[in-house]
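Next, two complexes with subunit A in common: one pairs it with subunit B, the other with subunit C.
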Partner chain A sequence: MASSKSILAKIFAEYYLSGAQARQEGRPIAYVTAFTPVEILRAMDVVCLFPESYAVVCSASNKSQEMIQASTMASFSQDLCSYSLISFGADHYPRPPYGGLPRPDMLIATNNQCGTTFLWFKLLSQKQNIPLFIIDYPAANPNQSATRPYIEEQYKELIKFVQKHTDRNINTQELNEQIICSRKACDLWLRLHELNKEVPPPLTATEIVDSLFPMLAAKGTPSACDFYEALIEEKQAIRNENSTDSLRLLWHGYPMWFLRKRFPDCFDDAFQVVLNDYTLWWNLDYPDEQGDMDALISAYSKTYLNRTLNHKIDWVDALARDYSVDGVICHANRSCRRALADIVPLRDRLHKKEIPSVIIESDMAHAGCYSGEQVKLRIESFRESLSI
Partner chain B sequence: METTQHIIARCKKLISQPEYRNEYLIRIKEKYLGIIGYFSNYIPEEIIAAAGFYPLRIIGCYEPSKPSPHSLYIPVCSFARDMYSAASSGGLSYLSQVVFPNSCDSMRVFAQMWEHAVNFPPACVLLHPINDNSNAIQYFAEVIERFAGKLHQDGGNLITQTRLKETIDTYNQTRRLLRRLYDIRKINDTFLAGSDAVALMTAGLIMARDEYNQILSQIVNQGPREIHKDRKLKRIMIMGPLMDNYGFLSKIEEFGGYIVYDNITNGSRYCDLDVEIEGNLYENIARRYLTSGPSPTLNSDKEISDQSFQALIDDLDLDGIIFINQKFCEPHVHKYLAEADILKQMNINVLMLEIEHGRVEVDERDMLRIESFLEIAGRS
Partner chain C sequence: MKYVLGIDAGSSYIKLVLIDEQQKTVARNIIKRGADIDASCRESYNTLLNTSPIDKNDINGIMATGYGRKQVTFCNEVITEITALSVGGFTVAPDVRTIIDIGGQDSKVIAVDTSGKVVDFVMNHKCSAGTGKFLEVTSASLGVTIEDLGRLSQAADTRLRLSSTCTVFAESEIVSYIARGVKKENIIKALHAAISGQIVGLFHQVNSVDDGKILLAGGVALNEGLVHELSGWLNREVLVPEYPQYTGAYGAAIYLQRKRKDRKTD
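So, the complex of A and B:
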């Protein structure tokens, strides 16, 4: 079996070449938001590119501040989401990473993660005259009588929209296979996280975060499953049997993509993040007893950020218990308002359960919003309070 | 008979003096099953009224925030922050419940924080769609019908077809009168200043509807029929979310602007369409709300294009457009970014002002910007 590292490198290269290759082969390209039902699009031979993921790459390449500056020069407010600011800034940036993303033939946005992505894609559509399709997920519970048919109709409209702009039809066999692969990738993704229930945890939080990419770029394909299977096998093989008394932490919310390790540099073997719940947001539940469309509706309606506050708090609370954490670090990410709503209620719940927590304020991608010294000081004093 | 001047003064008091407003609402409350507050144009007030409740659009409080153990530290729009602060200091205690829209992340976060807070009036979220196609209308009609069922459970009043038709008719009457007001102001700039018109429209979101229709009818019927356009006045359209700060608008007028039209939540977007009263009423209500002048929180085919802008500009004889946005209001920032380009290409003067919702004073910088904008504004 190939190593996880080589499979990941292949997925990464294929993804960033896919735009240029699609252009050569005359295949359509769509920009999609992170929780778009890509299975439908891929079953219609559409190459899906994720501007949010590209913003992550730009941020990790230390380009965030310059790109955000470029977008604010073009009248964009600094208060907007840093992913969208980076994305718009990349258009005005002389040498963006990987040469930038190719111009798409269509834009597909959803609001099951936040309201910003839909506004961002709508603006992109208006400014560059690119056809846009928006999938509206009004409720976290697709079983509500009116919601399911409404979303189902939108999926049917999406297929018609893609047909209209590409002359391609949906391959239902391919769709079914995509869903099977997505379901399997999600199961493996969860299993990978669960390895860290062990003491000591076999994976660092950075390793898990850096393994997220195939959940976007290759979900619904066998290569994502191959990658996670290989990674799980490797980590199981080198599992450290020596138990340590380290303090186990849950990092709630987004990582900080501009940092070398994606998290502040103040963790070590005795004080480590065993779980970042953000990466589990990608673990969608595709019920296997339902038909293809129903499975997709269910999976994409119940994204973490589309759930009720109580559901989210219960979920994080359960994770803290299941992963036996000693404390929780909550990242109040300036860019994501929906995620910010959880922070204070979660802190209150953790307080009731006598689980110590600390809130640190920063941003997922905008390095200019990060104060290293201040964050370090806060985490260090949190560590001291846990050690008592 | 109450003079127009006196009516406008009363409207301004209702908007800007919380104590006066509270007294008015407490007096009103006794005649209804309760006051239901709501936060968006996508909440069908006809349904609330038909169920025997008093629908109250929640607007600014215009009072300094009292110290409160609860605060929205999240960077949501200043409107949401002000309202949260008002609720946590007991300033909205006359409400029996509130209805949140599914409009933007600020509102979504606000709703979640409201539900989490202790001692706030109970809340529900009306999950309206953001698309406006036929499936969306069907979906929204079901949501509205369920909402009607909930209100029946809460208050005991069954919403009959007859009752709903009567209520729709009352609200349609308001819309028609407001549209007439716009028509008069379009041709005659001596009738009512833009800031006064906005005060009049905003007060209607607070006042008992029969009383409001009566005063509105009186004002409209007194409106002049002759055309009067003072060429020295710069004819301005304002755009943005809820704009209840009429004092801010009067500054535009002090510098020689005439606010002839608007595209704001509590203005033309509130009254542009009626609800049909024949056929399935829930579907009619859903259709009206989803096809009315779209808020940028909606994905609509009716977005303003260069053609529709041109027609509007010609019809209104416009000299310029002022976008007045609230800080952290994402949908309207995006709307500005999309539409400013189109307008600039059409040589229309555009000014963007970003303000804090609750702040009554206009800062020096904005005054200067308004003044210089009005100096250069004009049709090329």
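So, the complex of A and C:
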């Protein structure tokens, strides 16, 4: 079996070459938001590119501040989401990483994760005259049967939209296989996280966060499953001999992509993040043995940020117990209003359960919003309060 | 007799407290922080030694805290301000359950339990609104010293509002009030209200164990106008220790002394 590292490198290279290759082969390109049902698009031979993921790459390449500054040339407010600012800035930035994303033939946006991305895509559509399709997901509730026909109708419209703009039909066999692969990738993704229930945890939070990419770029393909299978096998083979006497932490919310380790440099074997709940947002609920539209509706309507506040708090609370954490670090991410709303009620719940927590303020991608000393002081103080 | 020194290397001032084996303060010193934090701490340390009868050889431990704690090269250990303030505040007043510190660049609200252990804490947002820096900048705008703010605010006769609690915006609002001929006493009271509003916001975010007493630490606590205003906003009595600006340094010294005792017991 190939190593996880080599599979990941291949997925990464294929993804960033896919735009240029699609242009050569005459295949259509779509910009999609993070939780778009890409299985439908890929089963129609559409190459899917994720501008949010591109913003992550720019941020991780230390370009966020310059690219966000470049977005001011187009008069964008600096209060907007940093992913969108980086993306807007790429148009005015001389050498964006990987040369930027190629111009798409269509834009597909959803509101099941973020209330801003579909507005961002709307603006792109208006400015560059690119056809846009928006899928509206009502907030997830236990009674999915009420919203299912509404979402299904939109999926049918999406297929018609793609047919209209590409002359391509959906390959239902391919769709079925994609969905089965997506479910398998999610199962493996969850298994990878669950390795960290062990004491000591075999994976660092950085390793998990840096393994997220295939869940976007290659979900629905065998290569994503190959990657996670290889990584799990590798991690299971290594017995971590580190001390077991450590403080275990849950990092609630987004990582900080611009940091070398994606998290502040304040953790070690005795004080470690064993789970970042953000990465588990990609563990979508594909029902067993289903490869049809119902499976997609289930998966994409129950995304984390599309859930009710109570559900989200219950979920994080349960994770804190399942992973036996000693404390929770809540990242108040300036860019994500939806995620910000959870923090105060979550802290109240954790307090009732006697799980200490601390809030740190920053941003997922904008390095200029990170005050290293302030963040470190809060985390070090938290560590002391847990230790004494 | 052996002594322990606590150093609070804050963003505005360096505070030193020397305690004896009974946790009694035997000497203290405060100086404005210079560009070189370590040099400032040494200078303060030398002054403390020169002005007290304690022999340097009788000081058997130095604990540093505060924003510049890691720059203090001659200390034995460091702790964060949260721990130092909780220990210092709780030692001064054991019935305290909430400690508020308005520092030069950070404001903190710390909840402690009946044993003084930190159960939760919240710190100010990234901007300097709600910190000592806010008062420093705005008092300079008014042409008054920080020491005079408390006394002047008592002569206020109108309640004004500073609509923004951003330091830069507040400063421009102050300039605008001055241009309109508004009494500086009223502006100062509005400043105290603005800072109190920020602190109350933090106070309500912290998960306290009960409604025990509130202690205000930090040099800002010497401003009686602000203490009065904050007490009004909280609708609670706010205790101020005799030397509020030394609470962190005192806590650092106590912490080190206890740690050494625990080691001996082990």
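Going forward, the second predicted complex is superposed on the first by the 377 of 388 C-alpha atoms of A that agree within 3 Å, B and C clash if a C-alpha of one lies under 4 Å from a C-alpha of the other, contacts with A are read in each partner's own complex, and residues count from 1 in each chain.
Just so it is clear, contacts are C-beta pairs under 8 Å (C-beta built on N, C-alpha and C of every residue); 3 or more make two chains touch, one makes a residue touch a chain.
Given the structure is predicted, the values throughout are model-derived calculations rather than measurements.
For the composite obtained by overlaying on subunit A, subunit B and subunit C can both be accommodated side by side without a clash. In the overlay built on the shared chain, the residue A:71 is in contact with neither subunit B nor subunit C.
In the superposed model, A:374 makes contact with subunit C only, not with subunit B.
In the superposed pair of complexes, A:221 makes contact with neither subunit B nor subunit C.
By the touch criterion stated above, A:111 is placed in contact with subunit B alone, subunit C being left untouched.
When the shared chain is aligned, subunit C comes close enough to touch A:347, but subunit B does not. In the superposition on chain A, no contact is made by A:33 with either subunit B or subunit C. Shared-chain residue A:384: touches subunit C; no touch with subunit B. In the superposition on chain A, contact of A:272 is made with neither subunit B nor subunit C.
Touch counts on subunit A: comparing subunit C and subunit B, the chain ahead is B.
In the superposition on chain A, contact of A:298 is made with neither subunit B nor subunit C.
The gap separating subunit B from subunit C in the superposed three-chain model is 5 Å, by closest C-alpha atoms. Overlaid on A, the two complexes show subunit B and subunit C touching the same residues of subunit A, namely 344. Subunit A meets subunit B in the complex at residues 75-77, 79-80, 111, 114-116, 118-120, 122-123, 126-127, 134, 136, 138-139, 145-147, 149-150, 153-154, 157, 308-309, 334, 337-338, 340-341, 343-345.
Within the complex formed with subunit A, the residues of subunit C that make contact are 67, 79-83, 106, 117-123, 125-126, 205, 207. Looking at the complex, you find that subunit A touches subunit C at residues 344, 347-348, 351, 356-359, 361, 369, 371, 373-374, 377-378, 380-382, 384-385, 388.
Residues 73-76, 102, 104-106, 108-109, 112-113, 115-116, 127-131, 133, 135-136, 138-139, 142-143, 146, 296-297, 299, 303, 327-328, 330-331, 333-334, 337-338, 340-341, 352, 354 of subunit B are the ones that touch subunit A when the two sit in their complex.
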